Every structure is written in C-alpha cells, then in structure tokens.
Amino acid sequence: MNAPVELPAINVEEKLFQNRYRVDAGRPHIRVIDPAVCGRCDPKPCVVCCPAGCWRIEEDGAIDLVVDGCLECGTCRIVCEPKNVDWNYPRGGFGILFKFG
Amino acid sequence: MAEKFDVIVVGAGPAGNAAAYALAKAGLSVLQLERGETPGTKNVQGAILYAHALEKIVPDFREHAPLERHIVEQRMWLMDEGRAVTGMTYRDEGFSTPPHNRYTIIRARFDRWFSEQVKEAGAMVICETTVTGLLKDKNGRVTGVQTERSGGDIHADAVILADGVNSLVGQRAGLRPEIKAEHAALAVKEMLFLPKETVEARFGIGHGQGVVIEIAGRITHGMLGTGFLYTNKDSLAIGIGCMLSDMRREKLTPYQLLEGLKRHPAVKPLIEGAEMKEYSAHLIPEGGYKALPQLFGDGWMIVGDSAGFVNAVHREGSNLAMASGRLAAETLIELRAAGRPFSAANLGRYQGKLDESFVMKDLKKYATVPDFLHGHPHVLNTYPTLLNHAAREMLTVDGSDKRTKQGRIFAELKEKRSLLGLLGDAYRFWRAFK
Amino acid sequence: MSDALDTAAKPLKKPKRVLDPKFAAYRGVCVFVEHEHGHIHPVSWELIGKGRELANKLQAELAGIVLGAPGHEVRALCDEAIFHGADLCYLMQDPVLKDYRNQPYTKAMTELVNTFTPEVLLLGATSQGRDLAGSVATTLLTGLTADCTGLDIDTSDRSLLSSRPTFGGSLMCTIVNLNTRPQMATVRPRVMPMPARDTARTGRVIEHALGMAEDDVVTKVVDFIPDARADRPQLAFADFIVAGGRGLAKPENFNVLFDLAKVLGAEVGASRPAVHAGWVEADRQVGQSGKTVRPKLYIAAGISGAVQHRVGMEGADVIVAINNDAKAPIMDFSNYALIGNAVEILPALTEAFRERIAAARAKKEAGGG
Amino acid sequence: MHIVVCVKQVPDSAQIRVHPVTNTIMRQGVPAIVNPFDLFALEEGLRIKDRTGARVTVLSMGPVQAEDALKKCLSYGADETILVTDKAFAGADTLATTYALASAIRQLGKQHPVDLVFTGKQTIDGDTAQVGPGIAVRLGWQLLTYVSKLRDLDVGAKRIVVERRAEGGVQVLASRLPCVITLLEGTNELRFADMAGMFRAARYEVPHWDRNLAGIEDASKVGLKGSPTVVAQVFAPRPKAVKAQPMLGDTPRAMADALLDKLFADHPELEEYLLDHLEIVEAEQ
C-alpha cells in the first residue's frame, strides 16, 4: 500500500558533527552479545532504525557497531528481536550531552 | 558510615525534579541522582511546558524560569508525503493575556533551572552518576540504590524511579517488563536557529508569542506517527516520530523521514536558511493505559516516562510527568507526617491519587486507541489523503459543477474505503476516542 | 537571551593610552633564532621574513638573536639570519647556553632586551619558544600575544597589531600592547611565508656576555632522545601523516600505507574503526578519542570522515582524501580527492612521490644550490 | 608535601560556532567545563598524593560560577579548593592573572609550604600557554614546561627528574623543588571519582578569596589596569568550507601524477619542506 519512496540518502554524520559528545574512549556502552546471531538476522532492524547510524553492515555481512555518535535512545535494544544487545548507559557525564535537548 | 536519606530520586527530568522539589520543600532529606553532566543534558522533548502542572509545584515559576514563547496558535496539519497539506488552525488572543497556559521551552536550560530550584529547596543533587541497581532486603523491600561509582551503595526509606522511558533500573530490578516495539515511538528532532525577527515574521506572531504545529498523515509514509514544528525565541524545533514496530518493518531511516518533513512544501519556507545546531533522538512511551507497569511496591514508586505516563493522542507527556512526580511526593509526605512506613500497602495511596487525577483518567479514556490505530493504520493514512484530495477537488475551479466534484470525492472515498468500512471506522473511532 | 556577539569586522577600537616615556626610545625588531641539537627550526627564518616587513614599516633595523655554546655553528646561524633578511645579529656564546634551559635563556633574552631595547620581539610558538616567551614577558612585565597567525604595524603609533584565533579557532581577534615595550608575540610554525635566502646580504654581529655561571643554573640536562629514535609513533608532532581507515578492508592493505609513509618520512595514523578492528595499534588512532594532529600534509586513505575522526585532523594544512565514495563526508573538508580504490591508488601514489622526490633531488644536486 | 594545581573554567570552545550567514558567534548552549588540559595536571597531582600522601589544593581564578569547576576537581580527591574571585580582576590578561595566582600561592604557602605547582599546557579559550611560565617567574621557581613524564620525585632531597617534550625529541631534565610544571596532554587518564568524593563535593563550600585574602597589595597589577595587552577587534575567520577537487586520470598512476602536479603547484613550499624534512629523517636513521 506504500508507494515506493525515494527519500534522499542522508549523511547522518553531518548532523552528529553539530552535537556535543564526551566519548568514553575504550569503554563502549553498547555491545553485541553474540555476533553469530547478527549474522543470521535478516533484515537487520537496528541498522535501519538507529537514528545515529551506529549500526552498519560490513561488506562480509557482519555487524559493525561504533557507539561514539550514539544518542542513547534505546531503539536498538527494543527492535532487536533475538534480544542480542547488551545495552547500558555510558559512565556518568560521558556520551551525548545535549546542548538544547 | 553509609549514606542514608529519607528518599532517593533517580533522574532529573520533569518527573524527578517535581518529586525532589516537593519532598525537599516538605523537609524530607532527599538525594537526587542524575547521570548527565548537568540536569537536561540527557533529556529531549518537543518541547511544550504546561503551566497548570508546574504552577502546583513552583507557583511563581513565570518570574524566573527560562521560557521561550507562550503559545497563542495551534495548527493541526494533515500532510501527504510531499505536496499538499490540509488542516485546522486555532488562534486565540486570549492566550496572550497572562497567566499564559502553555509555553515552548528548551529542555537543557529548563531542566537546569528546575534543578536549581530543587537544590534551593534543600535537596542534594549529584550529577554524572548512573544508578545501576536497587538495594533490597531479604523480603524484597527496596532499601536504596547501587551506583556505578565505587562505594556507591546509598540507603533510603523510599526510591522514586524517574529514570526516563527506557526505565532500565526498574527493569533490571525485576519491577517492570521491557518495553515492546509496539508501545514505543522513536522521534528524531533538530534545533534550527533563526534570528528572532525571522521567526516572528514567518509565523505571524509578536514578541513572546508562539505557534505550535502538530503534523500527521502520509508524511510518515504509512507508518503510525506524527511530526511537529514548534517556535522558540530564536530557534525552531522540528521533529518526526513513528512507532518502532512500524519502523522495524519499513526501510526508512529516521533521518530520512525527518528530511522528508523538512522538504515538504508547507514546511520548507518556514525553516529556510536556519542553522541546525543539534540533532537529537528520544523514545516516547505510547503503549498507554494497557502498557502501564506496576507503579509502586515496598519502598519504591515509578513516575513520569519511566512509568509510561504519556497521553499520545494529545501528545502530552511533561504534564503527566510533573503531576505523577508531585503525587508520589505527596504520598510520601503524608505517610511520613502520619509516621507510617513506605510499605507497598501504604504506597497504594499513590495509585489512588493518580486515579483521581487527569493522569489516569486521560490514560483510561484512550486505553484502546493504541490497539485501534495498530489495527487500522489506514486511519492516519487513507483519510488524510482523502481529505487532501477532497480539498484539492473542491478548491480547483475547473468549470465542473460542485455536485460532480462531490461525486468524485465520494467515489474515491468509496473506492478507498467501502461505505460499510467507512461506517465501521467511524463507529470504532467514536468508541476509542469517546 | 540571544547572546550573539556581532563580529562583522568593525574598525579597530584602541583605548587611548600615552606610552611611558622610558619606552618611547625603544626601536627595532628582534627575532629569536631557535635551534636544538644542530637543527634550526624553520619558524626562525619565517619570522625573520615577517620581521623584515615590520622593520621596514617602522623604518627600523631587524636583528636576529642567537644564543648557544661557543663554536662555528652559532656563527653560521648569524650568517643565515642575515641571508634571510636580518640587518644584524646579537650573539651570546656561552657553554651554559649549550642546550635549551629556561633559566639561562630567560636571563640571556632579558639581558639583550634591556641592553638593545627593541620595540618588537618575535619568537616561534614552539615548545621552546612558548616556554621562553612566557618567562621573558613576565620578567620584563610586558605584554605577550601567543600563537599569532597575523602581524602588522599601525604606523600612526608604531604599535604591533597581532591577530590570533580564539575560542578554539572559531573566531579571530586583534590584540595590541598599549603601554609597555617590547611588544612580544609568538607565531605558529608554517604560518608566515619562508623568505628567500640571499647569500649576497651582509650584516654585523654584536656579541654580548651572558653573565651567568653553570652553578647558578638549577636545572640540568640529563639526556635528549631524538624523535627518529623514539620507538612510539609521534603522531601529534608529525609534519606528514598518511592515515588508513576501514576502506582498506584488510589489515594487510596497511602495508601499502607504510610504504608511502617511508617514502614521505611520514607517520602512519588510523581511524577509530581500523584501530577498533585491531589492524593497527591504538597509538596510531587520530580523532576524538585518539590524537589531534596538525600536520602539513594529511593523506586519508579509505577513511569516510566520521565526525569523531574529523575533529582530530581538520587542522591539517592540506588534506588529500582517497576514497571510492565521492560523496563520503571527508570530501566536505579535504582539499584534493582521488576517487577510487585506495588499495590500488596508494602504490601508484608512492611511485609518483618517489620519482618526484628523486627528480627534485637530482635537480638540486645539479644546480649546486 | 603540598601540591597546588591551577585550573580554569572555560567555555567548551568546540561548541562555539560562527553563524555562516550572519557572522555572529552563536553562543547558545555553550556550557562551561574544566579546561581539559588542566585535568591531566590534576590527575598527576592526585597520583602523587596517592603515592606520598601529599596535600593537593586546587586553585582557580575567575567569576563566581567557576565554583562548579572547583567542586568537580574536589570530587576526584583534592583536599581543598580556592577560588580567587574579585570584580577588580575583570579583564585580567596573563600578566595580571599570574600576579594574582602567584600571590594566592604564596598565601597558601604560609599554612602549608608549597613544593610543586601543576598547570595544564594551555587553555582551550585563551591558548596562550603563559600562565605556567608567568607564575614561575613571579615565584622565582624553576619552570618545566610540556612535561610528559615524572621520572623521579624525591621530596626530602627536593629533587625532581622529568621528561619534557622539545622540538624534534624528548629532553630529560633534573631540577629542584619548589618548581612549576606545565603538563602535556595525554600523560595520564583522569580517574573516575568514587561516591564518597561525589558526596564531599556536593556538601563542599568553595572558599572565595578576594584581593586581600589572596594577598594582593598592589591592586593596579590586577584586572584591566594591570594588563598591557587589550583586545582591539574580534572578527570571523574566512570560512574554511572547501569541497575536495577530484584528480582526474584513467589509471591510478595518472591520478597520482595529476595530484602531485596540482599539490605542488598550489603549495610550492610543501615540496621544499618535504625535501628538507626527508634529509633530516634520513640523517637520523
């Protein structure tokens, strides 16, 4: 029922560049529990739904997660049907720091 | 010696601040823990402030709270996905006479102001500290919280969970279930900066006056969701959100949806030339009454988004958050005054207060709406399109007589929704929204 | 509450102050010639070049200041200063000045300033120049503007107009020194153009005694470890960097990157995903949670240009991006782009550079320059 | 042993942007933070405290709001913090600032003799890197800048050995206490405060020192009157937005050659610098 949609391809990086982050280097707050489960998962809702584009599919199909630009919304945890996401908040004072919110 | 407080409030959003403020004002020893650098740095909202909710907590807030604009005009737009919009506008100069009823705010500034009031009321506020769990005694009574910092166990007679929509603390302590994709919407938002004069010229408002636009229809490409465009002093907040259950099915990323809204001909001229200074995202609990978790227990209560107190139909959240925070505080204050413990039985009074307030009444009123909309997504899809087409038909003067035009409209109506389907929708719509 | 400060370049507003008479006689421009372990820092000649321009506007002399241990090396430095544009050189030769140490060098500089009374004193904004300028300015109780990117003279009152970035580079400001002399400024390397070297120029050298014995100097130099021998990569101070990202697809492909680095004498950097994938050691990470670099040339191969990487290398003078995606974010802040597969382009680029350098060197030997 | 760490509360300059169209500074939403370079200095001081039980005092000069920065430093484990704040200090440049800070350090020294002053390499708003050198001269102490490692510290013998970042290499210096050290970024990683530290900071009242408490006799040396340098003009730099020029060529080598021609045509000094640079690199190998 939905007409084919040709919405523009958006480079979310440009948007994230405006935000203020305090990256907790070396302590990512979200982890994939079992990468094999991701390998079998198709389509991968986390890749589409993540508003910050943290979840990417590698050429070889594996999931690559970089949480530096994470907006801490919780979507990936909820849309992941096999519940394969170990989701936590970053340490206090780290992560996204909204200037306006 | 271990730290001990009467009450620990987890989170410094509207609900947490309302509770901490009321408790501290009543003389209880209160500790409020916020994981952000300062209150507000982790919070995102459209954002509209409802004066009546805040008046009951900080009566003179208008004198010193950072408010953007008081709302004088509300526009409801039903959009197709890229060309037309129809809708309804309500503007009332009465809204301009103080005390104003609704304001637009910028949450990072507002939450920080509210937190200053909480500190002045006597509560201790500690930021940059994440609560990772609850302390319980052997019969399951909550006796305090654990934080991520070493030596981080802190004791209290009661813990108020105001940690927001993800409600991790409650989940990890087994007090509430995980949120379902059908009961949460993901909204993405941008803050667009324009000189004050441009905002006022483009929206036809004067100094301090504000316009809010609520948007629905095909702009969410068949998914269940809505958009918004609010005016601040020298910035515009624009956003769009859809149910996660729908988003999971479609191939549309949130930022593409937002771009689609920004490029819609009805929106584009309003935001032309603005500088985007922040891109944010947040979940909104939209399960309504049926998705509410257990709200209290031995030594604990849940308030605000963490409990799912959002009236999705009217897009209200911060007032339910502040009200629930205040009612939770009042419950503890009354029990403490009567010298009674914060047991599950006694905290049932919190549920009673909620039931008597607009919070539970509104949620019950629209209890079946989420199921209705899930069952009939076309309501927010087909009808807006039909309305747009009907408007286009009636407003295009092409020599054909009005009766023929009316015929074309009904023909499309019947073709898209059989007469029976139309009546069925009307009846179910009435039953869900009565 | 919009606290937007209008920065449209308004005319200079300088509060009127009368110069203290004892400073009125200060004349001339001095430039500190920086050298360490036999290497002259090029910023010295860049400042001699700029100093020449300022001295001409002031119709005054340009002097180089050379401090060091006795020997032909320091004399050669004086000649070089004159070849690059100085009228004269103040020379202090003393074993105490062999290696850079704050105490003796500050004494030397303040001694020279109080004796020869220049109105402008310039130093390079290097770790040595900044260390020295701060101490000299405080000892002389005069004004110092650091990390300038622009210098000029207001001939109406002979005042030095130093402009520099502020608020992290998003804004520029012009600073003036009202009532003290000399007007001091440090300038970042590679900001001012390198002047021509004219061996026909001549000038005088004025020697001056330091007047300080080694026993008076508290801090002693125990050792010096040159970077080239340092084991860990020195990304933060490298002039040439070649960096690789996820676009190189496999760890082995980093070898072509190291080949190019060897030809250019460059350091090898990497984006977060490449480090995250364990292809290179974490010390090579450039970006928000890695190092911030300001090289002369930054070649980014297979790097998309994510925000976390951009903040770490956007300050490079020249950025070359090698990526198969013409719309990759890095294209928005690079100067040049090679669109294609980095793994194929890098070897070709290494060859091109090797041949170009060999040819340039041959030309240089042939020319006897 | 007594260590004084100087910190400054600065606007998070990475967030300050110049509006591309109206050329005004858009300062909305720019929070104040502890100058990031100073946190390395604080951590180094706290590590010495962990090892030797030294007393760590955090000193800052600025408006009253700078209290937040000092409370945060206390939460990491500093013993005490002092905020030197006075309307007379408004507009102080480095010369005036170092005068006030040096006076405050002397005052602190009266109760507990100070052995070491740590500062960050520079601030991210002023970037002048002059406070460390200025304090050292005012106090007459040794100055060790761009220190990347404390190799040896013997309080009894008042001896210290450090590694210092110099041009083209690392200098190892032996010096004597008391001295002033400016610390290079990246030397350490700031600890995560424990809960007791957070509570102590929440309950802590930051002492304010005005001119008298800070021991400043000559008020003319502080604030605008004491500052020889004044900002005469502020303007926006030319926007750096640049779109990469693609180098055309049908083979990788053709593209590479096109790049070199264009690169060295636009930047002749780059080729020259490359040749000099290569000589140095080869000479050292």
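In order of appearance the chains are A, B, C and D, and numbering begins at 1 in each one.
Keep in mind that, in the parts below, contacts are C-beta pairs under 8 Å (C-beta built on N, C-alpha and C of every residue); 3 or more make two chains touch, one makes a residue touch a chain.
Because the structure is a prediction, the values reported are computed rather than measured.
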Chain whose Cα centroid lies nearest the overall Cα centroid: D
Relative to chain B, chain with the most remote C-alpha centre: C
Computed distance of Cα centres, chain D from chain C, in Å: 19
Cα-centroid distance, chain A relative to chain D, in whole angstrom: 35
Euclidean distance of C-alpha centroids - chain B vs chain C, Å: 53
Euclidean distance of C-alpha centroids - chain A vs chain C, Å: 40
Contacts with two or more other chains, residues of chain C listed in rising order: 1-2, 332
Residues of chain B touching at least two other chains: 37, 108, 128-129, 149, 195, 234-235, 277-278
Multi-chain contact sites of chain D, meaning residues that touch two or more partners: 14, 17, 19, 22, 26, 28-29, 31, 192
Chain C residues within the chain A interface of the complex: 246, 249, 272-273, 276, 288-290, 304-308, 310, 327, 329, 332
Interface residues, chain B side, partner chain A - complex: 35-37, 40-45, 47, 81, 106-109, 111, 127-130, 148-149, 165-166, 168, 178-181, 184, 186, 188, 190-191, 221-222, 235, 244, 247-248, 250-257, 259-260, 263, 276-283, 378, 381
Complex interface listing, chain B residues touching chain D: 3, 37-38, 108, 124-126, 128-129, 147, 149-154, 193, 195, 234-235, 273, 275, 277-278
Chain D to chain A touching residues, read off their complex: 12, 14-15, 28-31, 192
Residue ranges of chain D touching chain B (in the complex, touch as defined): 17, 19-22, 26, 28-29, 31, 192-196, 198-199, 202-203
